[in-house]
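Common to both upcoming complexes is chain A, partnered first by chain B, then by chain C.
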Partner chain A sequence: MLPTTLGPWLDYTINGLVIGNIYALLAVGLALIFGVSHLINFAHGSVYMVGAYIGWLCVTKLALPLPVTFVTVAAGCGLLGAVIERVGLRPLRNAPRIAPLLATIGLSVVLDQSAQLLFSPDPRALPTQLPTWRIAIGGGSIGALDLLIAGVGIGSAGLLYGFLRFTKLGWAVRATALDRDAAQQCGVDVDKVNRTVFAIASALGGVSGLLVGMYYNTIDPNMGFQAGLKGIVAQLIGGVGNVPGAIAGSLLLGLIESYGIALFGTSYRNLFAFVALILILVLRPNGLFARARRLPPEPLTGTFIAPSRPLVLPKWAVWALAAAALALPLVVQQPYLLQTLGNAWLYALLALSLTLVAGTVGQVSLGHAGLLAIGAYASSLLALDAGVPVLLAVPLAGLVAAALGTALVYPAFRLRGHYVSIATLAVGEIVTLVILNWESLTRGPIGVTGIPPLSVAGKPLVSGQWVYWVPLVVLLAFAALQSRLLNSHLGRTLRAIREDDVAARSYGVDLNRYKGLAFAVAGFIAGVGGALMAHFYSYINHETFPAPVSMLALTMVILGGLGNVAGAVLGAAVLVGLPELFRAAAEYRMLIYGVVLLLLIRFRPQGLLGTV
Partner chain B sequence: MADQLKNSLPKKPLLEIAGLTRHFGGLTAVNGLSLTVGQGELVSVIGPNGAGKTTLFNLISGLDAPDAGSVTFEGRDVTGLSAERLAALGLARSFQHGRVFGNLSVLDNVLVGAHTRLRAVKPRIPLVGPLVELALALIRPPSVRAEEERLRAEAKEIVRMFGERLTPRLDKPAHSLSYANRRRVEIARALALHPRLLLLDEPTAGMNPTETAEMLEIIRGLKARGLTILLIEHKLDLVMQLSDRVVVMDHGARIAEGLPAAVASDPAVIEAYLGHKAVGAANQDTGQDTGQDGDAAVPVRIAH
Partner chain C sequence: MPEPVLSRRSVLFHTLAGGLALACIAMSGGPAKAAEAAGEPLWFGVSGPLTGPSAQYGAQWKKGFDLALDQINAAGGVKGRPLRYVFEDSQNDPRQSIAIAQKFVADPKILIELGDFSSPASMAASPIYQRAGLVQFGFTNSHPDFTKGGDFIWSNSISQAEEQPNVADFAVTSLKLKRLAVLHLNTDWGRTSKDIFVKAAKERGAEVVATEGYLPDEKDFRSTLVRVREANPDGIVLISYYADGAAIARQLKPVGLNQPVVAVGSVYSPKFLELGGEAVNGVHTRANFFPAEPRPEVQGFVAAYRAKYQEEPDAFSAYAYDAVLVAQRVIEEGGTDRTAIRDAFPRVKDIPSVIFGKATFDPETRRVSGVRNVKLVVKDGAFALWDGSIPAATN
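Up next, the complex of A and B:
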C-alpha cells in the first residue's frame, strides 16, 4: 500500500497543494468575514455549492466559454453573499453573538435543500473544458487544471491584497476589522463594508466550488457542508480572522489530508481535518501563527438566551397533558398516527438532552446527533454481539453515551461561545467517521441489521400502541427528572455558568465539574433515545443520525424555548409530528426546518414557551 | 513610610501581597506591588484609570495569574490558585461593571454566592463526587432539603439588608433591575459566601449621591461586623470616610500608602490624579490611559 518511490509522493504533494488552494479560497473568505463581523459563517459551504451549480449551468446548459463561466459564478455568488449579509447578519447586529451563527446555519440548510429540490440530490458531472495534457515532473505530473487552480488561488490572493492595501474601500474593511465602532465614528459605512466583504468572500467561495466540481468532475447539493467545515478548520489552524494565516492553514490542511489518505486510505479523509481541528482548538485556540496563547475575548461569547418570561404550566395542567398523552392510544387507533407521535417522542428525548446543554448551560452543541448514534450502536451491539437483554442494553447504552459523549466533548469545556459549537460539530462528525471506519466493531458502511426489538418477558413490544407508549413513558420520566434537576441547586449553578462563567468561577463553581455533569445527563438521555430508535428501526448505519439531525434538534429547542423542558417536548412534537401528519412531502421537510430556524432567530428568539 | 505604618498595622495580616507583577504584552499593568491587609481592616486602593487596580483584583482573586510575586492568604501561599479554589477559601469579590447572572432571580443570584458552603448535597468524595451530587440533588433526602431551606432563609436575610430596594424584587430576574440594584445584588451574593476577605471593585460606580450614601452605610456596617474589606473606589469622600488605610496606585505601582488624610494631601497622589507637571494638561494623560482595567471615565473628586 505504501508507495516506495518518490513519484507518488510528489503526486500526493501536488494534490495536497491543489486541494489546499481550494480550501484557501474558502478560508480566506471566512477570515475576511470573521475580521469585520466576528462571525463564523456556516453558510459559506452552501455558497460554494451554489457556485458549483451556477458553473454547471454555465458549462452544460449555456455552453459558455470558461472565462465567462468564472465571471458569472463570481458575480452570482457575490450577489448571494450580499443577500446573506442582509438577511443573516444585519438584522441581528445587536443580538447575542451566537444568533448570527445560528442564522447562517439556517441559511445553509435553506440553500442546500433548495438546491436539492431544484437539481435533485443526485450527483452531476461537471466537465472541464480544459485540455487534458499533463507535465511530468520527477515521478509525478501536473495537469492544466492543477495550474488553473493554483493560478486562481494566487491571483485571488494578489487581487485581495491589492484591494485591501490600495483602495479606499479596502482601507475601510481593514479599519472595520480593527475597531468597528471607531471606524463607524470616522464615517466608514460599516454596512457597506460588511456587504462588500460578504460579496468578495462569497465570490471566492463560489469560484472554489466551481474548481472543485471540475477537479473531481462531480457536484452534488450536499457538497458544501463538508467543504465549509474544512474552510473553518483551515481558518482556525491559521488563526480566526487572519487572512495570510488562513492561506497557510489551508495549504497545511490540504497536505495533511493528502498524505493522510496516502497512508491510511480515502475513507479516513475527513477524520484528519476534524482531529486536527480538535487538537488546534485545545492546544492553540488562537491558531498556529498566533503569538499569545490567549483566547480572543468577549466577541465570541454570549448565550442565546433572550430575556423572557417563560410560560409556567401549572402542575395540574402538566398532569392532565401527560394523562391525555398516555390515554391517546385508547382513543386513536391508527397505527400511522401513533407511530409518528412515537417517533416525535423519541426526538423529544434528543431535544430534552440538547436543551439542557445548549439552553441551561449555554453550550450550543452542534453535534448532538452523535450522542444518538453512540446510544444506538451501543445498545444494538450489546444486544446482538454480547447477548445482553434489550431491556438492559438500553440503559447501558445510555451510560455508554454519557461517558463517551462527556469524554469526547471534555477537551472543549475550556472553550467558549462559537468555539464550543465548532468543536461539538467536529466531535459529531468524528463519531460518524469512527462508526464508518471501525468495521470490526460497527460493521462499517454496511450498518447493523436485525436489531432485536424491545421485549418484556419474551413478548416483543412492536405493535402500534407500544411504539407510542414506550417512548412516551421514557420521555415523561426523563422530563420529570430534568425538571427536578433544574429546581435543585444544580439548576441555578448550571444557569449561572451560562450567564457569566467568570462570575460563577469567582463563587467557587468548578466549570468542568458542572459542564461534565450536564453533558453526562444529556448524554444519558440522548443515548437512551438513540438506543430506543435502534430497537424500533431494527436497522441503523452511520447515516441514520447525520449532521442535519443535530440542526433539527437545535431548531426544536429554540422553537420550544432554550432550557425549557416542556418547550423541548413541544418543539419535537411540532417539528417531527406536524409535517408528518400533514403529509408534507418528505423532501420539503428540511427546508421547512431551515426556514423555521431563521424566522425564530429573527423574530422570536425566546421560542414558543420562553427561555428559562 | 513603611515604618510609620507598622504601628497602625494590626497584628495578624489576612492578606499579604509581595512583589506582584503582571505584564500584558509590552505593558506592565501591575509592577512589583506589595500590600498587606490585616484582619478586620478596610483598605482602599485608589488611583487614576488604568493604574492597574482591577488587574490587581483579578490577580488576588485568581482570575488571572501573576508573572512574578506572591499572594498569601491567612498565612497560606495562594499564588496562582484558581478562582474557584480561592472562593472556597473564603475570598469573595464584586466586579467593576457588575456581573450578576441576568436571567437568574435575585434570590438565585445570592444563592449561587453560597455555592461554596453547600455540604449536604455536595459531599467531598473523590471521583464519584459529581455523581453523588447529582443523585442527592434528584433524590433530596431531608438533610439536603434542610440545607437548601436554611440557605434560602439566610439569603433572604442578606437581601433584607438592602431594605425596600431589593426585598420586593426577590423573584425578579436580575436583568430587570436598575444598575444600582445590580450592584447591591453583587454585594449580597458576595456576603452569602461568608467571606473572610471581601474585594469590592467600585461598588458605587454609576450610583447617585443618595445611593452612594446608602452603600457607604452598608459597607460601614459590614466593617463594624468585623469583615475584612479591600476596596477599589473612585469616590474619594467615601474612601476617606471608610478606610483604615489607603494605597495609591499609578502605572501598576504603589505610589503612596497611609492614613486617608495623609494620602489625600500627598503631592505624588495629586500629581497622579491631575496630570504630570502642569495641572490642567489633561490631554497628556489620555495617551497614558491604557484602559487595561477598562475603567469607565469616572470623574475624579479629591476630598476637600
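Up next, the complex of A and C:
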C-alpha cells in the first residue's frame, strides 16, 4: 500500500476511470444514434437491460462459452435495435421531432415491463466466467473485467471511427447526420442508414448490459433507467453525437463523481455530476470536445414542434364542460372516482405549467417535478415551521417555486432544443438532491410529517368532494388565465420565440425576459400544484416527486397537444385515469399503458387536441 | 446446536403475525384436521408495488400472503369463512396509494388494509384510512411517525430503536470491534437506523469513524469505500437491503478492505448469497428468523414455504406472512365491523409470529416489540449460526 498522502487520490482517480469506463459503453451508443437521427434515445437503457438478460440466459441456462454469449447478445440486441427503428421510429420520421423522443420513452416502458413479466422483478446474479486474477494499483486492485470493459469501450469507439471514416456505408451515415434530405437526394438510402445505426448502437448497448451485469453480478428489469441517464449525461459532457467525445465525457463524469465523493461524501455524488453537467452546458454548449466552430446541432427554426391545426372547442362547450365538472360530486359520490379525478386535476396543474414552457415557448423541460417538490416543501415548511396559515402558504409556495425555478433554469435560457431538456432534467435532479442533503431545512431523508390539510375557517377540507373541488377550482382559474395569456400580445411573443428565436430577437424581443416570464408563471402554477399535493398527502420526502413524474408530465402535455391548455387537462385526465382503468390487469397494466402510449404517438403525434 | 440468541433487528419493512389456526398446525407438527373454509369469504386489501422499481418486494409479499392463506383456509379460515385479499398495485407511488385508499375505504367488503411499501406512499394514504375508520396495517413501515397518523394506524414493523442496539451489541460486544464505519441507505429507514446505531455503538464504547449514506439505486461503491478505508476502521457496518448490501460486499476487496462486516437483518435473503457470491462469506448479520431455528412459527413457515415455492424464504415474505396472521386474528376477534377490528388490536395477545415469536401490540405505540433474532454468519455460501469466533483482524 502506498504510504504517501497521494495514496487515496490515486485510488479515487482509478475508481473514477473504472466507473467512467462503464458509462462510456452506453454513451458511445447514444452518441452514435444522436449523431445520425438527432434523437436522445431513452430506450437505450432498456436495450442494455435486454442485453443483460439475453446474456443471463446464455450463461446460466444454456451454459454457452463466453465468446458465443457475446455474439448472441450483440446479434439479439442488434436485431432489437433494427426492430425498434422500423416499428417505433420510422413511421414517425415526418412527425414533429418531439414524437420520436416520446416514442423512445414508450418503448422503454414496454421493454422494461415485458422483462419484468418474463423474468420477474427480482434481481438475478450474472456470474462471470472470466479469470479472477487482479492487478494491484494504489491501495486497491482492478480485475480482468475492468480491462475487458475498457477494451470494449475503446475498441468499439475505434471500430466506429474507422467505419464512419473509411467505409461507404459510414460515409452515408455521416452524410445523413449532416443533412438527411440532401443525403437522400444524393441517393443515400436513409432508412438503411438509420437501421444500421440503430442495430450497431443497440448491439453495443446490449453488450454493455452484459458486461455491467457481470461486473456487479446483478441484473434486474429496472437497471436501464439510471444507467441510460448517466450515459446521456456523459455524452452531453463530451458533446452530443461525438463518439470519441462520449468516451472522454464518460471518463470525466466518472472522475467528477469520484472526486466529489472524496471531498464531500457519498450522498453528494449525483449532485456533483448534475452541477458539472449544467456548468458544461452553459459554458460549452457543444460539449467539451466539440470543434470550436461547428454548426449548431439544433435547427434554428421551429421544426422541433410541428405546427398543426388545433381542435378548438366552442366557448359554450368549454363553459358546459367546466360546469359539468364542477357539478360532478353532486351526482357521483364514489370517493375513489373523485380522488382519481382530483389527482388528475392536480397533475393537470403540472401539465398546464409544462405546456406553457414546453409548448408555447418551446423549452421542453424534463425536470418539471422539481417545481412540484419546491412548491410542496415551501408550503409544508411555511405551514409547519413558520406557522403560516395553509391558505396563505399555498400561494406563497407558488411564488417561491416561481422565483427559485426561474433562477435555477436561468443559466439554460441560452440553450436550444434537446440541450434545454437535458439542462432542466439536471435541474430537477439537483432539486431532489438538495432536498435530500439540506437537512437543517428539509429534514433530509426522514421527510416532512404531519403536514396540516387545507382548511377554511378552521374546517379541514379533506372529504371526498373537497379533494376533487379544490384542485378543480384552482385548475379552472389557472386554465382561464393561461388561455387569456395565450391570446394576448404576450402569448404571440412567446410563440414567436418558439417558432424562430433569431427572428424574434431581430424584432426586438428580449428572449431572456420573456423566457423568464414564462418560467415564472409556470413555476407559480406548478408550485401551487405541489403545495396542494403536500397538504393532501400529509407526508412528503425527497422521493415523493421522482424523475419519472417529470416524464409523465411531458407525456401528458404531448398527448394533449403542445401549448394547448385544454389538451394539458385532457392529457392529465387520460394518463392519470388509464392506469386506474387497467387496474384489473394488475402486473400487465404498465405494459398496456406503454403500448397505448406508442399507438397514440404513432397515429396522433400532434396530440389529441393539436398544437396551439 | 447453540441456543439462538434472542434479540431484535430493524428493517424497513416488517410484519406481524397472528393466527391461532396456524399455530395449531405448526405446534402439532401436522395439519390439524379442521374442515376447509367455505362460505362467504372475508377480505383484506393490500396496497403495494406490483410494477415499477420496487416490484420485487411486492412479488415477495404475494408469496408470503398466499402461503399464509393456504394454511389458514385449509384449517377452517376465520370462523369457517375463507380469508381472501385484493392486491392493488400502487407502484409505491403516493398518487396511486391515495386513490387505492379511497377505493378500499368505500368498499364495504374490505375489513382491514395492509401496506403500502415505503413511507411516502403509505403515509400519504394514512389520513384517508384514519378518517374513514379502516385500519391501515403497515407491516413494512418503520418510520418513527407512521403510527402517529391516528388510532386506526397500526404496524408490526420492527422498530429501529429495538433493532439497532442489537446490531451494535453484535458488532461491539460480541465481535469486539472498536472503530466502526457505517454505510447506510439514505432513506427514512436507513437514516433513522443509522442515527440509532451510532448512538448505541458509542454507548457500548466503540467509535464511529465514518458514516456514508448512499442512494438506493447506486451500484458503484469503490470511491465510497476508499473514503471508508482512509478512516481506518476495524469493522464495517451495513444498514442495507440485500441487493445493495451484496454490491458493497463485492467491492470491499478491490479497494483493499478486509475488515469484518456486520449487516442488519434486512440482508437476510437467499438473493444476498446469490448476488454477493464469494464476497459475502464472513458477513455477520442478526436475522429475525433462521430456517434451522426450532421455534414452531419458524418451522411452520419455512417448511411450507420451501414446499410451495421450491426456494428459501426471505425477510420480506416473512413479514407478509406474519401480517396475514395478524389480520386473521383481529378479524376473528373483531368480526366484520371495522371499528371492532381496530379495537381488537390491543386485545389479541401472543399471535404466533415468525419475526416476533409471539406478537402482542402495545396500545400506546400501536406497534409490537420483542423482535427475535439470531446471530448469523455467512459460511461457504450459506447462512450459519455464529459460533462465537471472532474474525482475525486483517489489514
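By our rule, the second predicted complex is superposed on the first by the 501 of 612 C-alpha atoms of A that agree within 3 Å, B and C clash if a C-alpha of one lies under 4 Å from a C-alpha of the other, contacts with A are read in each partner's own complex, and residues count from 1 in each chain.
One rule holds for everything that comes next: contacts are C-beta pairs under 8 Å (C-beta built on N, C-alpha and C of every residue); 3 or more make two chains touch, one makes a residue touch a chain.
Being a predicted model, the structure only gives us computed values, none of them experimental.
*Asks:* Would you sort A:Tyr216 into first (chain B), second (chain C), both or neither based on which partner it touches?
*Replies:* Second partner only.
*Asks:* For A:Thr340, using the defined touch cut-off, is the partner it touches chain B, chain C, both, or neither? Pick first, second, both or neither.
*Replies:* second
*Asks:* Between chain B (first) and chain C (second), which, if any, makes contact with A:Pro127: first, second, both or neither?
*Replies:* second
*Asks:* Between chain B and chain C, whom does A:Gly162 touch in the aligned arrangement: first, second, both, or neither?
*Replies:* In the superposition, A:Gly162 touches no partner, neither chain B nor chain C.
*Asks:* For A:Pro579, is the partner it touches chain B (first), chain C (second), both, or none of the two (neither)?
*Replies:* second
*Asks:* Of the two partner chains, chain B (first) and chain C (second), which one does A:Val462 touch, if any: first, second, both, or neither?
*Replies:* A:Val462: touches chain C, not chain B.
*Asks:* Considering only the touch criterion stated at the top, classify A:Gly151 as touching first (chain B), second (chain C), both, or neither.
*Replies:* In the superposed model, A:Gly151 contacts neither chain B nor chain C.
*Asks:* Just chain B (first), just chain C (second), both, or neither: which does A:Val521 touch?
*Replies:* The first partner, chain B, only.
*Asks:* If you look only at chain A, which of its residues touch chain B in the complex?
*Replies:* My answer: residues 292, 305, 307, 481, 484-485, 488-490, 492-493, 495-496, 498-500, 502-511, 513, 516-517, 520-521, 611-612.
*Asks:* Considering only the defined contacts, which chain A positions touch chain C in the complex?
*Replies:* Chain A reaches chain C through residues 1, 8, 11-12, 15-16, 18-19, 22, 113, 116, 120-125, 127, 134, 139-143, 216-218, 220-222, 226, 257-258, 261-262, 265-267, 269-270, 334-336, 338-340, 343, 347, 436, 444-447, 449-450, 453, 462, 464, 536-541, 543-544, 576, 579-580, 583, 586-587, 589-590.
*Asks:* Touching residues of chain C toward chain A in the complex: what are they?
*Replies:* Contacts found on chain C: 50-53, 55-56, 58-59, 87-89, 91, 94-96, 98-99, 101-103, 105-106, 118-120, 123-124, 126-128, 131, 143, 145, 148-149, 186-188, 190-192, 212-215, 217-220, 222-224, 226-227, 229-230, 243, 246-247, 250, 253-256, 271, 274-277.
*Asks:* Show which residues of chain B lie in contact with chain A when the two form their complex.
*Replies:* 25, 61-63, 82-84, 87-88, 92-93, 95, 99-104, 108, 111-113, 115-116, 118, 121, 129-131, 133-134, 137-138, 140, 148, 173, 175-176, 189, 193
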